[in-house]
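For reference, the structures are reproduced in the following blocks.
Two complexes, one shared chain (chain A), two partners (chain B, chain C).
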Partner chain A sequence: MSLLRRASLPILCLGAAHIASTFAGFVAPYDYGTQDRALPLAPPSRIHFFDQQGRFHSHPFIYQRIEQPGQFLVYQELTDRAYPVRFFAGRSLGETDSSACWHLFSVDAPANISLMGTDSYGRDVFSRLVFASRISLFTGFLATCLSLLGGTVLGALAGFYGGWMDAIIMRLAELFLALPWLYLLFAVRAFLPLHISPAEAFLLVIAVIGIVGWAKPARLVRGVVLSARERRYVLACRSFGASDLYLIRRHILPQTWSVLLTQAALLIPQYILGEVTLSFLGLGIGEPVPSWGSMLASLQQYHILVSAWWMLFPGLVLIPICMSYSRLSEVLQERFAS
Partner chain B sequence: MRYLLARTGQACLLLAGVSLLSFVFVQLAPGDFFSEMRLNPQISQETVQHLQRQFALDRPASVRYLHWLRGLVHGDFGFSFAYNSPVRTLLMPRAGNTLLLTSIATLIAWSIAIPLGVRTAATPRGLPARVCSLVTATLLATPDLVLALITMMFAVRSGWIRSVRTAPSASGSFMGWQNMRDALVHLALPTFVLTLTIVPTLLRHTAAAMRDALSSSCISAARAHGIGPSQILYRHALRVAINPIVTLLGTSLGSLLSASLMVEVAMGWPGIGPLLLEAILSRDLFVVIGGIVLSAVFLISGTLVADVLLFVVDPRIRTEGLA
Partner chain C sequence: MTRTERAHRREPFWQGLLPPGLLALLMFLTFASATESGSQPEELLVTMGETGRYGGELVVSLRSEPKTLNPVTSIDSSSREVIAQLTADLIHIDRATQQVTPSLAVSWKVSPDARRYTLQLRRGIRFSDGAAFDADDVIFSFQAYLNEKSNSPQRDLLIVGGKPIQVKRNGPYSVTFELSQPYASAERLFDSVAILPRHSLENFLHDGRLAQAWTLNTPPDQIAGLGPFRVKQYLPGQRIVLERNPYYWKSDRLGNRLPYLSELTFAFVNNEDAEVLRFQAGETDVLNRIGAENYAVLQQQRDPDLQLKDLGSSLEYNFLLFNLNAQIPSQAKDLQRKQTWFQDVRFRQAISAAIDRNAMVHIIYRGRATPLYTHVTPANRLWLNSDLPRPSRALDRARDLLRSAGFSWRANRSLVDHNSVPVEFSILTSASSSQRTQMATMIQQDLSEVGIRVQVVPLEFNAVLDRVLTSHDYEAAIMGLGTGDVDPNAQMNVWLSSGDDHFWNLGNKQPATAWEAEIDKLMEAQVSAINPAQRKKLYDRVQAIEAEQLPIICLVSPNLLVGSRSRVGNFRPVVLDPHTLWNSSELFLAGEEREDKR
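Here is the complex of A and B:
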C-alpha cells in the first residue's frame, strides 16, 4: 500500500501530462500553427492582478503588447486597456481551426496570451508545447510497445526452443548491444529517406526507435522463459498434450509480465528522448507539426539561444516526465522484487 | 590469461559482426551519393558511371563488403565522396577529439563521484547524503541535450564565454600547441556537461556498492581490530566495493558515447558526432559506416579494458581461472 502511495505523485504527474495532450485543443489557447507576426520572440505574458492605480482585481488580466518603436524584438505593454483572462470561453470568431469549441483560458483578440512566450514566427510556445506532447509522448509509448513486442517474441522463441534459434537470436542481440544506443539509432536512421512528410516521419521515428531497442527486452524475456520452461507445471501441461503455442501463451508469457512492465517504465522516457534527439537534429519530425525536439531545434540558432530563454521550456518539461517514469520504474522493481 | 584471450576473441568476433551489420544497414539505404548527381544535367552520365566504377559501386554488395573489409583491416575506412578525401584522415582527428572529451570527462567524474559516494555511504542519514541524492535524482532525470542547452545558455548569458561554437580549424584537430589554449576554453563546457551526465549513475552505484561492503563481516572484523574509520572506508571497504564500480565503467560506456555524441552535436565540439550527422544528411556512405564501426571499436575495447582492470583489481576473478 505504501508503494502505491509512493507512486501516486509520478502517476498523477504523468496522468496530467497525458490528459493535457489528449485534450490539447482545449488546454492550449491557440492552435499550434496560429501565428502572430507582430509578436515574434516575445517573452512570456505578464499576468496582472493589480492595475496601474495599484487596485487589486480578483480576476487576472493582461495588457496588449506591441513592439517598441524603433527597437527590434523589444516589447512594451499598452496599459490603457486591460484584457481579462477568460476561463472556459467559447472560441472567438476569428478562429478557423478545428481544434476545440472551448478553451481552458483565452483573451480577446488584439491581446495575446502566451504563458511561455512566442517563437520566431510569433506562435505561442505553450500551445505548441501542449500539441507537441501528443507526438512526443505517443512516440515513446508506441515505440516501447514495438520494442517490447519484438523483444518478447524473439526472447520467447530463443528461450523456449533453445539450440540454434537461441544462438542466432542472442548473437544478434549482442550485436545490437555492442553499438552505443545513439549511434545505432543514427545507423538505422541513415538508411531511411530524409525528406518526408511529418506523418511519415512520425511512423518512421516510431519504427526506428522501436526496432533498435528490441535486444535488451529480448534478453530479459529469454531469461524468464528459460527458468519458466523448467517448471513442473509446464512439464505436466506438456504431458497432457499441450501445444507449444498454448504453453508459451498461457503458462510462460504471463511470467514475463513483471519484467515487461518494469522495462516499459525504463524504455518510455528513453524513447521520448530518442524522438527529441532525432527531431532536434532534423532527422525526425519537422515543421510545421511541433514535437518537443523540433521546438528545441530553434535553439541551435545563436541569437535565440542568447536572447530567448523561454524557448527552453519544451526541454524543461522533459525533466518531470523523466523523473516520474524513473520513480515509477523504481517502485515497480521494488514491488516485483518482494 | 585464458580468460583475457577468450574475451579478446569474443571482442573481435563481435566487431566483425558489427561491421557486417552496419554495412547491411547502409546498403539498404535508398539512393546514394550519386543519385543527386545523376539528376544534375550539367554532369554527364558517363562521369557518374566512371565515378561509380572507380569506387566499385557497380559491383554486387558481397564483393564490395569483402573489398571494404580488407581495407578496414589495413586501417583504410574507404573514401568520402562529400569531402573528397579518404575517410581515415577525416575520421581520425575527430575520433581523437571524441576520445579526449570522453576520457577527460570520465576522469573528472570518477575523481568526484567516488569520494562523494564513499562519504554518502558512510553517513547515509546525514544532510550531505540527502542533498546528494536529491541532486543526483534531478540530474538523472535531465536529458543530456537539455543539460547541454541550459549550460550553453548560462555560459553565453553570463558572458563567461563569448561564443560556444568551436570554429573548426582546417584539419579539425586540436592537437597542435598553437590551438591548445583555444581548445581548453572550448573543451571546458562540453566536458562539464559530459561530467554531469556521468556523475549521477556512478555516484549511485558507488554508494550502493559501498553500503553493501560496509555491512559485510570483514568490515566488522576490521572495526573490531580498531582500524580507524577513514582507513576502513578507503582501504578496506572500497577494495571490496570496487568490483561493481569497475564493471560499471564497461557497461556505462555505451551511454557515455551516446551522451558524448549528443553533447558534441549540440555544442559544436569537433568530434565524431557532427561529422556523422553531416554524413547522414549527405548520404556519405563510408563516413557513416566508418563512424559507427569506430564507435563499436571504442565500446568493445573499452569493455575489454574494464575486464582487464577487473582482472587486476579483483583477486576473486584471477583465482577463478586457477580453480
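Here is the complex of A and C:
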C-alpha cells in the first residue's frame, strides 16, 4: 500500500502527460503548424482578472497584443477590448488538423492565447509542446517495447540454450554495448534517405533507437533465464516431456517480468532523451511537425537563448517526466525485491 | 550563400574581398615628396579622412582560416580577405562611391576604340620588404595570372574575347594593356588583381611552382606586397597577425604615412554567434557582418563602447530555384515528372505570387531586409531597374495562374496536376544558415495555403552545393549570392546560359529557351557596349525578362549590419566587400598612446 502511495505522484504525472498527448487536439488551443506572423517570439500571454479600472472579474480574460509601431518583437496590449478565456468551446481549427474541434480553452480571434509564448514564426509554444509530446513520449515508449522485445527473445535464447548460441549473442550484445550509441544513431540516420515524410521519420527514429538498445535487456533476461532453467520445477516439467517452447513460455519468461518492467521504466526516459537529442541535432522529424528536441533546437541560436526564455519550456517539461520514470523504476525495483 | 559559404565556390575574381581603397567622399591629390631613399621622388596618395593616431592593435574576426596567402591561387573568401590587406591593385573600385579610382596607377588613358588602356604608374614607391616597384612588376604579375600552370581563378576573367589581355612596357613607369575586343568598364577588371613582387616570385614562376608559393607556412620576410600591412605571425587555429607596412604609399592630409595601426590581427572564429560573443567580451574590435537577430541583441545592450551601423540593403540576394536542368540523374523518375511543373512559367509565377516576402522581412530579419523581385538589390543604385513592379502577396493570382496551367484542387484542398498527381516537392537549404532554413519553413506554410505540400530538407552546405552544381539531384533549393561588384559584368556567370553559375540549368551549349537566348544576347551586348546609358538599357531588359520568367524566384536581400568599438576611428563601413576593412589604412584607435611615427 505504501509503495503504491509512493508511486502515486509519478503515476499521476505520467498519466496526465500521456492523456494530454493523446488528446492533444483538445488540450492545445491551436494547431502545431499555424503561424501567426503578427506575433513572432511573443512572450507568454498575460491572463487578467482585473481590468483597467481595477475591477475584479471572476472569469479570466486576455487582451489582444500587437507589435509596438516601429519596434520589432516588442509587444503591447490593446486594453480597449477584453477577450474572455473560453473553456470547452468549439472553434474552427487550422487546416492541417480536423480531428478535434473542441478545445480545453481558447479565445476569440484576433486575440491570441499563448500560455508559453510563441516561437520565431508566431506558432504557439504550448500547443506545439502538447503535440510534440505525442512524438517524444511515444517514441520513448514504442522504442522501449521494441528493444525489450528484441532483448527478451535474444536473451531467452541465449540463456536457455547456452553453448555457442549464448556465446554469439552475448558477444554481439557486448559489441552493441561498447558502441558509442549517439554516434551510431548519427551514422544510421545519415544513411537513410533525406526525403521522408514525418510519419516515416517517426517510425525510423523508433526503429533506430529501439534496435540499438536491445543488448542491455538481453543480458538481464539471459541472467534470469539462466537461473530459472535450473529450478527444480523446470527440471521436473522437462522430465515430464515438456517442449522447449512450452517451458520458456510457461515457466521461464514469467520469471523475467519484474526485470522487464523495471528495465522499461529505466529505458523509456533514456529513449525520450535519445529522440530529443536526435531532433535537437536536426536528425529527427522535420518541420513543421514538432518534437521536444526540434523545439529546443532553436536555442542553438544565441539571440533566442538570450532574449526568448520561454523557448526553454520543452526542456523544463522533460524534468518531471524523466524524474517520474526514474521514481517509478525505483518503486518497481523495491516491490519486486521484497 | 554567405561569405563563408561562398568560400568553397569558384567565383569571379572581383567577388570576395578586395584590397582597401580610397576614401569615399574625398578628393585625391598626389604630391611628390623627395624621400631619403631612392632616386625617384615618392608619389604618395593623400587621403582625406580624419587624421588619426599611430599605434594600437585592431582585432577582427574571420569565419574560417585562410587556406593560402598566394594572391594568384586564392579562391576562398578568408584568404582573399587577408590577402587584400597585404597587396594592392592598379586601378581600384572605390568602395564608397562604387566608381573606379587611381591606385598604383596614377592615371590612365583609354583609346577611342576602348581596346587600349595606357596606365601611368606611381613612382618611387616600395614593396613591404623595401624593394622598389616599377613596370616590370606589373608585367610579371599579369604573366603570373595568365600562366596556365598557376591555375589562377583570375585567368578566365583576364581573357577577353577568347584572347588574353596583352601587357606592354612603355617605360619604367608606364604600361599599356590591349584587349582583343571592346570591353565595357574594363578598368574594373584591374580591381583586386594584386600586383606581385617580381624579385621574390620570379623563380617560382620560372620553375612552374607559383601555385606552391606563399603558403601559410612561408616565413613572413619572404612575403612582400604593396598593401597597408605585411605578415608578422601565423598561429594555426588561432590567428594571423599582420604588422604595419612602413613603405605604404598613402598618407593623410598632414603628410603622415599610413596606416595608423601597428598591427591588424585576424582571429579565427568559426560561427556568427561565437563572433558576437567575442565582440561583446571585448576580444575583437570589428564585426564585419552579422544577422539581424544578433544585431538586435547587441542593440538592446545600449553599450556606449559599441557603434552599430545598419547600412541598408546589401548586395546579397536570396532566392528559391527549381531544378530545370536538362541533365538529371536517370534514377530520378519523380523529378522528371515534377520538372514538367517547374518548367511551366505560370507555375513559377504562382509560387512567386504565393510567397509572403514581407513576412520574411518582418519575421526573419526584423525589418532589416528588403523584399526582392529580381537579383538586383536596391543597394545597387546604379543598375537597378526601378520601373519593375513589386507585387505583394496575391493568393488569388497564384490560384488563377495554377488553374490556367492545368492544376486543380481536390476536396481536401490539396493541389493536383492534370494527371491527378498531388503537387509536392522538397526544398534544400543549407543547415548552417538559419535564415534560409527559416525562409524554407515560411514558404512551406505559404504554399500550403494554395494546396502545395513542401518538405524542408536542411543539409550541410557543401552537400547542397554538390547537388545543385554537380549531381543535379534536387527539386528546389534556397540559396543566396553576394556580389563583390555592382557592375553587371559581375553577373555574367549567372546569366549567360553557358555560365558556371547558371544554377537552374547548368552545362548547356545552347540556351534552352527563347528568353534565355535573349538574355544571352543582351548580356553579351552590354559587355561590349561602351555607352553606360546603353548598357543600363540592356541590363534593364535582362531584369524585366527575369521578373517575367522567374528562373530564380528572388526573395529578400538582408541589410548590411556591422559594428565596431567606438574607439575605432575613421570607421566608415560600405555595402561593397570588404565592408569594414576597405579603408584599413586609415583606421585608428582613439585614446591609444601615440607611438613613434615614420
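One rule holds in what follows: the second predicted complex is superposed on the first by the 322 of 338 C-alpha atoms of A that agree within 3 Å, B and C clash if a C-alpha of one lies under 4 Å from a C-alpha of the other, contacts with A are read in each partner's own complex, and residues count from 1 in each chain.
By our rule, a residue touches a chain if its C-beta (ideal position, glycine included) is under 8 Å from a C-beta of that chain, and two chains touch if they have at least 3 such contacts.
Source: prediction; values computed, not measured.
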item: Partner chain in contact with A:Pro217 - chain B first, chain C second, else both or neither; value: neither
item: Which of chain B and chain C A:Gly159 touches, first, second, both or neither; value: neither
item: Partner chain in contact with A:Leu73 - chain B first, chain C second, else both or neither; value: second
item: Between chain B and chain C, more extensive residue contact with chain A; value: B
item: Touching partner for A:Leu283 - first (chain B), second (chain C), both, neither; value: first
item: First (chain B), second (chain C), both or neither touched by A:Gly122; value: second
item: Which of chain B and chain C A:Val306 touches, first, second, both or neither; value: both
item: Which superposed partner A:Leu318 touches (first chain B, second chain C, both, neither); value: first
item: Contacts of A:Pro10 with chain B and chain C, given as first, second, both or neither; value: neither
item: Intersection of the chain A residues that touch chain B with those that touch chain C; value: 194, 282, 302, 306
item: Chain B - residues contacting chain A, complex; value: 14-15, 17-18, 21-22, 25-31, 137-138, 140-143, 145-146, 149-150, 152-153, 156-157, 163, 165, 253-258, 261-262, 265-266, 276-277, 279-281, 283, 288, 291-292, 295-296, 298-300
item: Chain B-touching residues of chain A, taken from the complex the two chains share; value: 171, 174-184, 186-194, 273, 276-277, 280-283, 296, 299-300, 302, 305-306, 309, 312, 315-316, 318-320, 322-323, 326
item: Chain C to chain A touching residues, read off their complex; value: 273, 276-277, 291, 293-294, 296-297, 300, 356, 359, 362-364, 366-367, 413, 426, 431, 434, 438, 441-442, 444-445, 448, 455-459
item: List of chain A residues in touch with chain C within their complex; value: 33, 35, 37, 40, 72-73, 95-96, 120-122, 194-195, 197, 282, 286-288, 301-304, 306-307
